[in-house]
Amino acid sequence: MSASYAVELVSVTKRFGEVVAVRDMTLRIPDGEFFSLLGPSGCGKTTTLRMIGGFEMPSRGEIFIGGEPQGYRPPYQRPVNTVFQSYALFPHMTVYENVAFGLEMRGVSREDIRRRVAEALDMVRLAGMERRRPSQLSGGQQQRVALARALINRPKVLLLDEPLGALDLKLRKAMQLELKQLQHRVGITFVYVTHDQEEALTMSDRIAVMNHGLVLQVGTAEEIYEHPNCRFVADFIGETNFLHGTIAGRRQGALEVTLDVGGTVLAQAGQDIGRGQPVTLAVRPERVRLSPGLPGGEVNALSGTVEDVVYTGVATTYWVALGQGERLMVRQQNEQIGAGPVAERGEKVTVSWPVDAASVFAQASEAQAQAAPEAGA
Amino acid sequence: MSSSPSAPEAKQRPPHRDLRGALRAHLGGMLLSSHAVLLYIFLYLPIVVLVVFSFNDSRFLAKWGGATFRWYGELAGDTQVAYALWNSLFIAVLSTFISTVIGTLAAMAMERYRFHGQLAMDALLYLPIIIPDIAMAIMLLIWFNLSGVGFTPWKVELFGLRLAVPYSVIIGHVSFNISFVAIVVRARLADMDRALEEAAQDLYANSWQTFRRVLLPMMMPGIVAGALLAFTLSMDDFVITFFTSGAGFNTLTVYVFGLVKKGVTPKINAISTLMVVFSLALVGLARLLQKGGEGAPVDVDLF
Amino acid sequence: MIETLRRRPGLQAALLIFPAASFLVVFFLMPLFIVVAYSFLERGKYGGVVWSFTLENLQRAVDPLYFNTFLRSARIAGLTTVICLLIGYPLAYLIATQSDRRRNFLLLALMIPFWSNFLVRTYAWLTLLRTNTGLINVTLMGLGLIREPLPLFGNDFAIILGLVYGWLPDMVLPLYAALSRLDPSLLEAASDLYAPGRRVFTRVVWPLTLPGVAAGSILVFIPSLGAFITPALLGGGKSLMIGNVINNQFLAAHDWPFGSALSTIMIGLMLLATLAYFRLVRRRG
């Protein structure tokens, strides 16, 4: 157990009665990383965070913080601090008393507390608010008090449980940047729980995507977006087209897939999938190119009919029917003013994408992919 | 809303119907207000009459014989009243203290934990509230009689008065007050974000510090409200005190009941007036304690 | 030891609940069982009981003589509840639609009499209602408005008046709570969907405040059914309720088993009413 990991979970399982909230989770988070746990509600991300914080004890497995096993240590004996979803500011205390609470509990001297509270409030730009009550602050200010109250203790790890969830969109975007910069400045490991994929992609050094108590994939934002390892990840992060087909063989180091709608395409081989297996093919809408007319023999080209054209400002989205009920979403950047759509509704078009733009997942082995997640750094 | 241009035609009424609607709404509002005024008069009239006639210089209540303080003067020298008053206060303070401690602990257990038999405990906490005091009184009477304990008096000397308060009365008051305290404190706890306690623990406060610095101060308004309710109920109680004390023991309420049975006198009005003033002062004090008198006078979440 | 406590929340809960649980078991539950048991015992010669089983007490309790008292008590309690509901609902509605300041003032004004001693409040009515020397009759006759005193005292009217006065806030508060939890946009939605004022009330407001109505009714009905002080004072010794009969069995007739039987039936009725309330609330979610 190397001490260069801020947090290490080894085969951690958490049961609540019959329900398994977290299943056999192994995860290593290096020092100084901004790490996000991402997934839909009920996926086990908050339970994981609460186990690191000591609010829940693992049913099995061990959690290490700074290389030290935590066992049954209560929250107040762990070198971590938490920013709660509801902020959990003590309503009967002032901002000063809130921020000073942790230091006071640890018996830090009065002068030191005064100095460090001033520093902490300075850091979150709340100097002068010491004597206010939490109820007299705006949502954004409360959130910064919660940050100051946690960071003042100089924890090894800061745990954040959807801290921006209660803020409106504009403020949330601003706070995302601020949090990221703050993390760079203080150099503390952040473990951040969110269900907002955009937020996770924006802020994190690395992301763990979770579902049903399992870690499905761990990687940088780009790895997860460009090379999802299963259908769930591809679907949960960003928008994706799914096409169904069967493996026809291998060609030039790529997999050859015969699509149900007709035609054969090449795709990168993430997993080794045998010939004749049914697969799902995932393609991001912005990687698809759309051109008028019929295909002229290029690779990965299909013909279809434009069903709908939706202008959304930065881009225009086309819905292309490929036959047999399968539709493809194509998104093209609007680079020039007044260029107009590439194709009109009802027009016959060709859609195509580069070989490395598509990922292939075996349909049958999806359950296996979930059972054996590629966890770890 | 009905004036929006997209509203269907059916909703656009001719102007005279709107006028009629407005008139009706106005009339309805007036009816509602006068109903409320009458009800408040109904609530306060008897008390006002009670107070006014405590200054009546006549033995007969229905005749006004001029204003006097003489009934209050009589009370001041009445040792029976003094004993009854101190018995009442002694029982109320003691039973309030005991039931507030026990009830608060129970509220914490019920609201912050899951345990076996919780449902049964819930029922056990609600039952003393549901069962009428006459039934509870005879339950306790038989029980104390059968077990042979409780009727022995607790002898204390307060301000030169030798009180002899049966333990059974105090026990009886505690047993109906625990539930009221538990329910009031529990409602307060249920409103509290559990993350507050977790936050304290996260900030290095151990269980005791968490309780002392976060849970207790936040429960305090509920505890004060519960204690006040217990105190009032204890001072208010006639039936249970009467049945569990044995003959000759008077609290203020038992004493007044005895007087009323004998006949109506301005002296009773004087005692009653003092009791009303006392409970008014108590409510005022409680509101001063809680948020400096701001906020709603009743906790709506109790219902 | 503290370490063990920390790791075992079950133990913490047990320690917290122990004082209340043990106190209530010893001084509430066991007395309750004893009363039920007494209902099946024979009467002793000089008060007390003889420990032999009999059903006689319960049979006597359903004898028309006593059963009618039960019926009368239930009727009085029922009427009290209905009157409280009829006059309390508009008041709760008014309070709920006021600004915060006024609503707090009105609630406080409602609570102040409620916080004063129940006996004192009942006594106040006694001085007003008494037939020949009560203030109302004396005043009305003095003004020459009536010749004979009105029958205001020593009857069901006086008891119901006293009970309504005593328990009205218990009806208004839950109604107010239910009304103030109503989402105003629901009323707007109903109006928007063409419902006239009356139908908005019958189809939206009333059904949504039904739990409050049930809670208020139970809070008024139960203490009214078990009333003792009110009938003792305002019933003038003639108009009795079941609470007074029980009282007499213990203090005058010294028939403890029969008094216990009457109490057992009364407690049973209370439990039934409460269970009915919980079923209603649960069904409405």
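By letter and in written order, the chains are A, B and C; residue numbering begins at 1 in each of them.
In this text, contacts are C-beta pairs under 8 Å (C-beta built on N, C-alpha and C of every residue); 3 or more make two chains touch, one makes a residue touch a chain.
The structure presented is a predicted model; accordingly, all values stated were derived computationally and were not measured.
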item: Centre-most chain [mean C-alpha coordinates]; value: B
item: Chain whose mean Cα position lies farthest from chain C; value: A
item: Highest-count interface - the chain pair sharing the most C-beta contacts; value: B-C
item: CA centroid of chain B to CA centroid of chain C, Å; value: 15
item: Between chain A and chain B, centroid-to-centroid distance (C-alpha), Å; value: 54
item: Intercentroid distance (Cα basis), chain C paired with chain A, Å; value: 57
item: Shared-contact residues (touching 2 or more other chains) in chain C; value: 6
item: Residues within chain A bordering two or more other chains; value: 74
item: Two or more partner chains touched - positions in chain B; value: none
item: Chain B-facing residues of chain A, complex; value: 53-55, 74-76, 80-82, 84-86, 88-92, 101-102, 105-106, 149-150, 153
item: In the complex with chain C, residue positions of chain B that touch it; value: 1-2, 10-11, 21, 24-25, 32-33, 35-36, 39-40, 42-44, 46-47, 49-50, 53, 60-62, 101-103, 105-106, 108-110, 112-115, 121, 124-128, 130-136, 138-143, 145-146, 171-172, 174-175, 178-179, 182, 207, 232, 235-236, 238-239, 243, 253, 256-257, 260, 264, 268-269, 272, 275-276, 279-280, 282-283, 295-298, 300-303
item: Footprint of chain B on chain C - complex, ascending; value: 2, 6, 9-10, 12-14, 16-17, 19-21, 23-25, 27-32, 34-35, 38, 48, 87, 90-91, 93-95, 103-104, 106-113, 115-121, 123-128, 130, 133-135, 138, 165, 168, 173-174, 176-178, 180-181, 188, 191-192, 194, 197, 212, 215, 222-223, 225-229, 233, 243, 246-247, 250, 256, 259-260, 263, 266-267, 270-271, 274
item: Chain B to chain A touching residues, read off their complex; value: 193, 195-196, 198-206, 209, 213-214, 217-218
